[in-house]
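Please find the structures below.
In the two complexes that follow, chain A is the common piece, with chain B as its partner first and chain C second.
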Partner chain A sequence: MLEKIRDILLDVLDRDDLDLTLESRPDQVEEWDSMAQIQILVALENEFGIKFTLEESQGIACVGDIVEVVERKMG
Partner chain B sequence: MYYKYFMKDVEMDYAQALEYPYDLKKIFRKKKAIKRVLLPTATKAIKIAFLGGSTTAEILDILELFLLKNQIRAEFYESDYNRYYEDAVYGNDKLDEFKPDIVYVHTTGANIQAFPCINQTNAEVDGLIGEELTKFKAIWRGLHHRFSCQIIQNNFEYNHLRALGALDTIDYRGKNCYILKLNQEFARLAEVDDALHINDIHYLSSILGLDEWADRSLWWSSKYALSFNSIPTLAHNISSIICGIYGRTKKCLTLDLDNTLWGGVVGDDGPEGIRLGEGDAVAEAYASFQRYIKLLHSRGVILSVCSKNDEGRAKEGFGSEGSVLGLNDFAAFYANWSPKNQNIENIAKDLNIGGDSIVFVDDNPVERALVSKELPQVAIPELGSDVVDYPALIDRNNYFHTLNITTDDIQRNESYRDNAKRHQEVEHHQNYDDFLKSLGMSAIINSFDHANEVRIAQLINKTNQFNLTGLRVATPQVDEAINNPRYITLYAKLKDKFGDNGLVSVVMGEIQGQTLQIIVWVMSCRVFKRTLESCVMNVLVQKCLEHDIRIIKGRYLATAKNEIVSEHYGDMGFAKLEGDVGSSAWELDVATYRDLDTMINI
Partner chain C sequence: MASDYEIRRGTDADAKDVVRFIEQHWSASHIFVEEPGVFSYQYCIDNAFNFYLGRNVETMEIEGILGFINYDPEAESPDIFLALWKVIRNCGDTSLGTKLLSCLFRDLSPSAVHCNGINANVARIYEFLGFKVGKLEHYFYVNSDFQEFKIGRFSQDVVNSCRLDWGSETRSDVKYLQVSTRESLAAELRTITAGDRLPTKSADFLTYRYLNHPYYSYLVCSLRQHDEAVGIAIFRKVPVAGRCALRLIDYIGPLEKFSLALELLKELVHKLDCEYGDSYSTGISEETYHSCKFIDRLSDDVVIVPNYFEPFEKKNVDIFYASTRQDVVIFKGDGDQDRPNKLEYNA
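== the complex of A and B ==
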C-alpha cells in the first residue's frame, strides 16, 4: 500500500528522486504545498475509488496518515 | 531516431488523454509530464487573465494542457482569491502590465450577490436581477475599456438544493428560477457583444450531473466551486472557445461507412441488408447518428467519406431507403482499398484544407491507430463499438466550436461541392486559362460595410494559408475601420457559373501620408488560383490613386501555414526591400503599376 501511495505522490509532485517514508511531511518537500495536497487527495480518491470526508482530509499531516486513512477506507 | 519515435508516441498518448472521454487519472497524475511533452509542439502564444470568484489554480493548469493540445502556449495572470470584480472594474498594475488577450471570468452560483427572499414581490426580484446584471456589465465594460481583449464569462450552474422543492425553477422566488433568468440575460447580452463569449457551465454541469460537478468538501476545504474531475470538462470548453477565437476549429468530418454510418457491411450484405432506418433498434440508432451528422453539415461542417470498399457498392449504401445522408452531402468520396492515411491526405488536398482541420471517424481501432500514427494532426475520437455513443463522442469534443454562424457557413457545403465540380471541369479544358474563362467569374469588390463586418472578421481570423501577416482581429476593430479615412479597406465576393463563393477575400491598409501600409490581406483557400488576388490588387491600386497615394507597402510574416504566399507581393508587382524566410518587406510605386491580368469581371 505504501508503495502504491508513494507512486501517486511522486507523480503528482513530479519528483522521482524523493525518498518518502511514513514520517514524510508536506513541509519537508518544496513542491508539496496546499494546492499539491488537494491534488494528491483527489488522485488517491480516483485511484482507490474512495471519498475522504472533510474531517479526514483536514486531518492528514504526513504520509503515514494517508496510508492509515486509505487502508481504513479500503477496509 | 528511436528516441524521436518514442517521443511521438508519448505525445499521442498524452494528447489522447485529453480527448473526450478524458483519462482523468492520467490527466491529474501526469499533468506536469503532459505539459513538458506538449510544450514543444506549440506554434502560438497568448496571454490569458483568470479572474476567479472561487479558487482557479487547478483550472488554469488543466486549461494550459488543452490549449497545448491545440498548439497554443498560454501565459497566465491569476487574480487574487475572489478579487475578480475589483480587478476588472478598478484594474491593478500587474494586470494592466500583463495586457491579456483573453480574460476568463470564472464566476459561479456562489458569486451571485443575493437571491430572492420568500417575501419579495415579483418586481423586487426583477430589481435584484437588474443589480446583478449591473455588476457584470461593469466588469465587462471595465475589461473592454482597459484592454482590447476577448472575454470568456461563465454563466451559472443550477443550485443542487431546492428549498422550494419542485417549485424551485417555477416560482419566481426559487433560486433555480432566478438562475435561469440570469442565464437568459447573459445569453441576450452576449449575442450583441462580439467580444463576450459565454462559457455555458449550466450545460456542462448538467451533462456531468450536479453531484459530480461539485465536491462539497473541496468547497469547504479550498473554495473550489467544482470538483477536480469536472475541471477537464470545464477547461476543454474554455479551450474550445479560445480555439474558436483564433480560428483553430475543425472544418471537415471524414467518415468511415460500414459499422460507422450504418450497421453491417454494404459490400457483403447489399444496400437492403445494412441496418439503417426504421424497424429495428440498431438501424434506428444509426439513422439517428446520421441525422446528427446532417445537422453538423447544415451548419457548415464539410463531409467526406474514407472507406475500404468498392466505390460502386459504397455509394449504394446511400441509396438505401433509411439513409438520411445522400451522396450530395459529401464534398469528397474515397471508397477504395488504399491505406486510409493516403485517402485522408487526398481529401485534404481536394478540399484545400490542412490535416489539422479534419476529424476522422471510424469504428475500427486499427484504422484509427494507423491514421493517428501517420497523420498525428488529424483529430480522432475513440469511437468505441456502440453506435449509441457515437454522436456524443463527436459532440463532446467540441471540434466545430465557432464564435458565430454566418450565412457563408450555411452555404459552405454547396461551395465545396461546387469546387469538386470545378475540379472535374478542369479535366475538360486544354489549359487552365481556358478553364478559368469558362467559369464566367464575376466579383463584387467594396469597402468594408456593416452588413459584412462579422464575416470580414471571421474570414480574417479563420484564414491560415493565404494570410500575409497572421494578424487576428475582433469585429469591433473591423467596425472601427468602416468609413474611417485612416484606412483603405476592401472585401471581395466571387461568383461563377457553379455558384456563389460568398465573401472570400479581405484587404486592409493604413494610410500614412502618401503611403499605404497593408496590414491585412487574406483570401479563402476555396478560391485559390482563380486570379482573384490580381483583381483585388487592381482595385486596390485604383483606390490608392483616388487617395493620392504613391507607395504601397506590404509585409510577409511567416506562420506555420502561410508559406504559399511568401512571394505574393512579388507576384503582385512589388519590389522586395529586405527580408529572409521568416519575414519580408515589399514596396510598390503606384505610378509604375500596370493592371494585372485577371479572368474575373467586376
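== the complex of A and C ==
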C-alpha cells in the first residue's frame, strides 16, 4: 500500500528523486502545493476506488496521514 | 514546519491587505489594484466585506483569499458566487484554499455555491469538491442591415439566415417596459415566477448590480405579457470602434418565458443599430435559442463573437463555470464576469 501511494505521489509531483517517508510533509517538497494535493487525492481516488471527504482532505499533513486515510477507507 | 493560519471572514480593515495580496500574487495591473473604487463596489457592500482570508499567524501576512458575491444577504440560505480564489504557491497548508471555502459554507449556509469564469486548474479542485463543472453555451443573432462587420466576424450564410428571420413575427400580447428604479423593479418582480433553477437574486441585489452600477449602463427591461410582468431581461450595449454590440447579460423569470428575452434582444439589436446580439448561458435548451433563430457560435468555423472589450480582442472566448447544483442556469452577468477590466474604455 505504502509503495503504491509513494508511486502516485512521485508521479503527480513529477519527481523520482524524492525519498518520501511516512513523515514527509508538503512544505518539504516545493512541487507539493495545494493544486498538487488535489491531484494526488484524485489519483488516489481513481487508483483505489475511494472518495475522500473534504474533512479528510483537510486533515492531511504528511504522507502517513494519506496512508492512514486510504487504509481506513479500504477497510 | 507546516504553518498555522487564522482563517476568517474579512472586515473593512483587511481591504488594503487583500488588494496588496492581489497585486503581489495575482497581477499588479489588476483593476482592483489600479481602481480602488471598483474593488469597493464589488466587495465592500453595506458594511460587509465579502472576502474570506487566511493569515499566517507567525507573519500575519495574508496567504489565501476567497472573494464572493452574495445574491441576497437577507436570505437564510442565499446563492453565492465565488470570485477571486487564490492561495500562494508556497503556502504552509495545502488545504488553506478549501478551508476558506469550508468557512464560507459554515458562516453563510448557502443554498448553492457557483463560480462563473474558472480556469482549467481550478476546475480540477471544483470537480474534486463535487461541483458540476461545465462550459457556457454562446449564441448570437446578426443584424443583417450591416454590409460589413467591425466587431464580430460572420459568414454570409450566417448573415443571410438572420435576414430571413427579422420581422417575420410580431406578438401583440408582448410588451417591454424599461425599468430604472428599485421601486419599479420590485413591483415588476412581484408578478414574476422565478425559475427554480436560477440563482435567487433579491430586488436590492439587482438594483445594486444593474440599476446603480457605477461604471456600466445596463438596460433593464420588464418582459410583459397580457399586461403582467413575466420576466426581467438585462442588456448592455458595448461600443467598439464606432460600432456596438448588444449583450444579454442576465434574465430573471421562468425558463419558458426566456424566449421573450431573446426576441427583445433581436428587436433591440436593430433599434440600437448594433452589429449583433449575443448571449452566454447554461441550462437554456438549444431548442429555445434555435426557435428564436439564434445561432450557436460553435456551429460555424468562420464566426467570431468577441467577449473581451477592455481592451477589445477579436477572438472567441469560452467561459467555464462550476456549481453545486447539477441543473443550474447561469448567464454572462453572473458572478464577476461582467465587470470593468480597464476604466479607460468606459470613459
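Quick note on the criterion: the second predicted complex is superposed on the first by the 75 of 75 C-alpha atoms of A that agree within 3 Å, B and C clash if a C-alpha of one lies under 4 Å from a C-alpha of the other, contacts with A are read in each partner's own complex, and residues count from 1 in each chain.
Here, contacts are C-beta pairs under 8 Å (C-beta built on N, C-alpha and C of every residue); 3 or more make two chains touch, one makes a residue touch a chain.
Only a predicted model underlies this, so the values are computations on that prediction, with no experimental measurement involved.
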Partner chain(s) touched by A:43 [first = chain B, second = chain C, both, neither]: first
Contacts of A:8 with chain B and chain C, given as first, second, both or neither: first
Which of chain B and chain C A:34 touches, first, second, both or neither: both
Partner chain(s) touched by A:26 [first = chain B, second = chain C, both, neither]: second
Which superposed partner A:58 touches (first chain B, second chain C, both, neither): both
Shared chain A contacts, counted only where both chain B and chain C touch the same residue: 34-35, 38-39, 42, 52, 54, 57-58
Residues of chain B touching chain A in the complex: 24-25, 28-30, 32-33, 57-58, 216-218, 220-222, 224, 228-229
In the complex with chain A, residue positions of chain C that touch it: 1-3, 87, 89-92, 94-99, 102, 121, 124-125, 127-129
Touching residues (chain side chain A, partner chain B) in the complex: 8, 11-12, 14, 34-35, 38-39, 42-43, 46-47, 52-54, 57-58
Chain C contact footprint on chain A (complex, rising order): 25-27, 30, 32-39, 41-42, 52, 54, 57-58, 60-61
